[in-house]
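Both complexes shown next keep subunit A, but they swap its partner, so subunit B is in the first and subunit C is in the second.
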Partner chain A sequence: MTLEFRNVVKRVGAEVHIHETNVAFASEGFNILLGTTLAGKTSLMQLMAGLERPTSGEIWFNGRDVTGVSVQKRNVSMVHQQFINYPNFSVFDNIASPLRVAREPRAEIKRRVGQVAEMMRLSAMLDRKPNELSGGQQQRTALARALVKDSDLILLDEPLANLDYKLREELRDELPLLFKDRGCTVIYATTEPTEALLLGGHTATMHEGRITQFGPTAEIYRRPAGLRTARVFSDPPINTAGVTKKGTRFIFNNRVGWDAQGARAELPDGNYTLGIRPHHVTLDHTGPDTVELEGTVLVTELSGSESVVHFEIDGQTWISQSHGIHPFKIGAAARFHMDIEKSKLFDRDDKLVAA
Partner chain B sequence: MNNKTAYPKAWLFVLPVVALVAFNALIPLMTVVNYSVQETFGNNVFFFEGVKWFEEVLNSERFHASLLRQLAFTGIILAIEIPLGVAIALTMPARGIWASVCLVLMALPLLIPWNVVGAMWNIFALPEIGLLGQMINGMGIDYNFTQQPMAAWFTTILMDVWHWTSLVVLLAYAGLRSIPDAYYQAAKIDGASGWAVFRYIQLPKMKRVLTIAVLLRFMDSFMIYTEPFVLTGGGPGNATTFLSIDLVKIALGQFDLGPAAAMSLIYFLIVLLLSWVFYTLMMRDEEQ
Partner chain C sequence: MRKFTWLAPTLYILFLMLPIYWLLNMSFKTTNEILNNFTLWPQNFTLDNYIKIFTDPTWYNGYFNSLTYVLINTAISVTVALPAAYAFSRYRFLGDKHMFFWLLTNRMAPPAVFALPFFQLYSAVNLFDTHIAVALAHGLFNIPLAVWILEGFMSGVPKQLDETAYVDGYSFWRFFLRIFLPTIAAGIGVAAFFCFMFSWVELLLAKTLTSVAAKPIAATMTRTASTAGYELGLLAAAGSLTIVPGAFVIYFVRNYIAKGFALGRV
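What follows is the complex of A and B.
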């Protein structure tokens, strides 16, 4: 099962919703669309489902051009962020609805609904109506509806976004198991980088209607091809700073400098952008190659075992993420240690030159 | 944790509401109750009569006839306005400039004072000078709402449909717009037909607003007075004498205060009872 976009463009009126896109999604594991709201994740999914036609370009599925094929003939399932179920159908009838449209025999419907309900832990509430269920159970019902038919393509559009934290974690753990060995392509849209990392598989990072990069999730996280991708795939946001290379040294802000190590020493002299994730800018020494920064504290967010400190150096805001609780007063001076080995360097075109 | 303290001054805060409700509802209602159990021959002399007026009203053929006319009228306009309102709401555009244009056009009839609506339709339907009257007669149909009971009913119903279908449209439209697009997408992916989308998504999602629409239209039409009063004055004969027109005739025309008061109370109880029945029936599923 392969899903491929060839030169796909989607325009609505004068607005471009999807810029020219060429991508072949993986047939195993999750394909994650990662991007902020309005990055084009839902537009892309609607093209995949056949709910919308591309303005130009082709969509191929299993070696077949499906660009003009209607939704009903594509054998897709979709789960939305909102809990979408037929309001006056029981859970059983809701799950059975795609099978009934396909005119499956009664006994077969009963067997398959029972099986999926068991898997989704809904067996006890098959007679209930959606509004008598909790949010988690409603979304399970919607998932069951997507699973009950043997779809070739399953689209999950931020399915966990409206659930509370606990339920989200629980379902997130179950999801990869549910779709394992089904032989279908799974697309999963999310706004959260952490979710992408937890689900694994492949990730396409999206920004303003473009896929900035596609590849194995861990690979993209470690080696984002450009600054854009690095920004999309970092939460809290990645820190960036202009640095200058002169000889064997990097200089930041005319004051702080450090020696270029390994391959970085080979780079030509000039201006670069340094990108470093907040958890590599810490309050305590971690690696052997740390560079000290002095800043003024703006805000401190303390969560259970972590401190996220926003600070300022010469008018530019930085974020540091450290273990332990470190309360700071606003305006206090603090020292931070940047693990320079973990930083990424981008050239003047924002392309990755060293990771 | 049950440490309530007596705070007598709190009554002061409730006082305005109590006064308002008293002057607004309780005192007028009690006056009516007072009249309904007494007989007077003027000069402010009253005799207690018990339930005599209630028995008289409930046994009067005139009341039965008015009530029947009222039920028929309300039944007919509900049967027309609710489906028609939903149908119009379904065809209205969801967004863009035309949505606003449609909404304004729809709201217009609701902004016209009731007696003006009556006067408008009176002139509009007059067989000699009215556009509608001329048109119908021009088609070879003998039509004169001031003389033919059927024509009077037809005109009254048409007027009410014109005046009030918009309310149903606006409510149904609001209900439709509150359905997220994702529902339609999900139905499309399921391969649901247009009828199935209406029956299993739109209708259930509109249920609450439609309940309100039915209740409002029921109560309003059951108490209709101004428009038929201006249009037909209850005639020809008694053909369009609905309950409130009849009530006013008894109370102010004949000045039979006792029977009129008794009839008011019965009228009030019927509206209350039927509203409750409608509400309970339509909300039956929600309660379970």
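What follows is the complex of A and C.
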């Protein structure tokens, strides 16, 4: 089961919703679309489902051109961020509806709905109407409806975004198990980098209607091909700074400098962009490979186990994320340590040159 | 002070109910009693007025005619407005917002403005003095209203519901009839109610477009005043009966109306 986009472009009026896209999604595990709101995740999914036609280009599924095939004939399932169920149908009829439309025999429908309901822990609520269920149960009903038919392609458009924290974690743990061994392509859209890492599989990072990179999730996280991808795949946002290489040393800000190590020493002299994730800019990590930064504290966010500090160096905002609670005075000077080995270097075209 | 909180609502309700009470009061009196004495309740209680209405065809046909064109109009208005409202709520097309506003402007002119052209037109196509003529004429103000109300309810249903149904394999019409219409049943109820009400109370077009065969009850009432002198008791009885269908319909849709007000469209 492979889903492939060939030169796909989607325009609505004068606006380009999806820029030319070429990508072949993985047939196993999750394919995650990662991007902020309005990055084009939903537009891309509507093209995959066949709810919208591409302005140009082709969509291939399993070696077949499905560009002009209507959604009803595509054998896809979709779950939305909002809890979408048919309000006038009972939970049983909701789950059974794709099978009814496909004219499955009555006994078969009963058997399969019972099975899926059992799996989604909805067996006790089959006679209720969706609006008599809790949010989590409503979304389970929607998921059950997506699972009950043997779809070739399952589209999950931020299915956990509207659930509260506990339910989200619970369902997120269950999801990979539900789709295991089904032999279908699963596409999962999310705005949260953490969610992408937890679900694994492959990730396509999206920004303003473009897929900036596609590959195995861990690989993309470790080696983002460009600054865009690195920005999308970092929460809190990645810190960036212009640095200059001169001989064997990198210089930032005319004051702070460090020795280039390993492959980085081979890079030609010139200007680069340094990218470093907030959890590599910490308060406590001191050592030979760390570089000390001094800044003015702007904002601090203290959660139970970690401190996120926004600080300023020469008008530019940095973010540091450290374990433990560290109280700060706003406006005071503070020292942070940058784990320079974990940083990434991008050239002037924002392409990765060292990770 | 606390003790008298019941006073204001009681006075208000008394004030509202007084004309209705007086109408009922008169309908059980003889015309003589109405003209000669001022009485708070009927001295010679009589059902003659009602008996006359239910036995004389010129009277009960008035109700029959009115109900016929009102029901036809309600059916036409809602049926035609459903697809229109769906288009306005789901699709963006050239001039959609202008068209939506233009629909509403049809309600801004008094229907009487159209009495003369309608009279001419319907006479020309031999529809004069038929129920369907009045039903169609009332569509002038009822269809825009129904579109306006239904669009509000439809826009409250997320577009993802449509998408989910298509993904599940539903064709457009199957989705529209089996899933979408039941979902907005409250809206259809509210729209039908307003169409019913406005068509029921409209007099001028209904009177202009009919003479005998489709004469509405309100027209019958205005004419009877002059035949055998004053028949005030009879008129009062006819008036009381005219209130009944409206009250009846309101009773059934009262919960939906509240919902309609909550949606801000009614």
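Definition applied: the second predicted complex is superposed on the first by the 352 of 355 C-alpha atoms of A that agree within 3 Å, B and C clash if a C-alpha of one lies under 4 Å from a C-alpha of the other, contacts with A are read in each partner's own complex, and residues count from 1 in each chain.
To be clear about the criterion, a residue touches a chain if its C-beta (ideal position, glycine included) is under 8 Å from a C-beta of that chain, and two chains touch if they have at least 3 such contacts.
What you see is a predicted model, and the numbers here were worked out from it, not measured in a lab.
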For the three-chain model obtained by superposing on subunit A, do subunit B and subunit C clash or fit? clash
Could you tell me if A:P98 is touching subunit B, subunit C, both of them or neither one (first, second, both, neither)? both
Touching A:A260, do we find subunit B (first), subunit C (second), both, or neither? neither
On subunit A, which stretch or stretches are contacted by subunit B in one complex as well as by subunit C in the other? 46, 49, 51, 71-72, 76-78, 80, 82, 84, 86-89, 97-98, 101-102, 145
Taking the touch rule as given, give the residues of subunit B at its contact with subunit A in the complex, in rising order. 180, 182-183, 185-186, 188-192, 200-201, 204-205, 285
Give every residue of subunit A touching subunit B within the complex, in rising order. 46, 49, 51, 71-72, 76-78, 80-82, 84, 86-89, 97-98, 101-102, 129, 145
State the interface residues of subunit C toward subunit A in the complex, per the touch definition above. 158, 160-161, 163-171, 174, 179, 182-183, 185
Using the touch definition from the top, list the residues of subunit A that touch subunit C in their complex. 46, 49, 51, 71-72, 76-78, 80, 82, 84, 86-89, 97-98, 101-102, 142, 145, 149
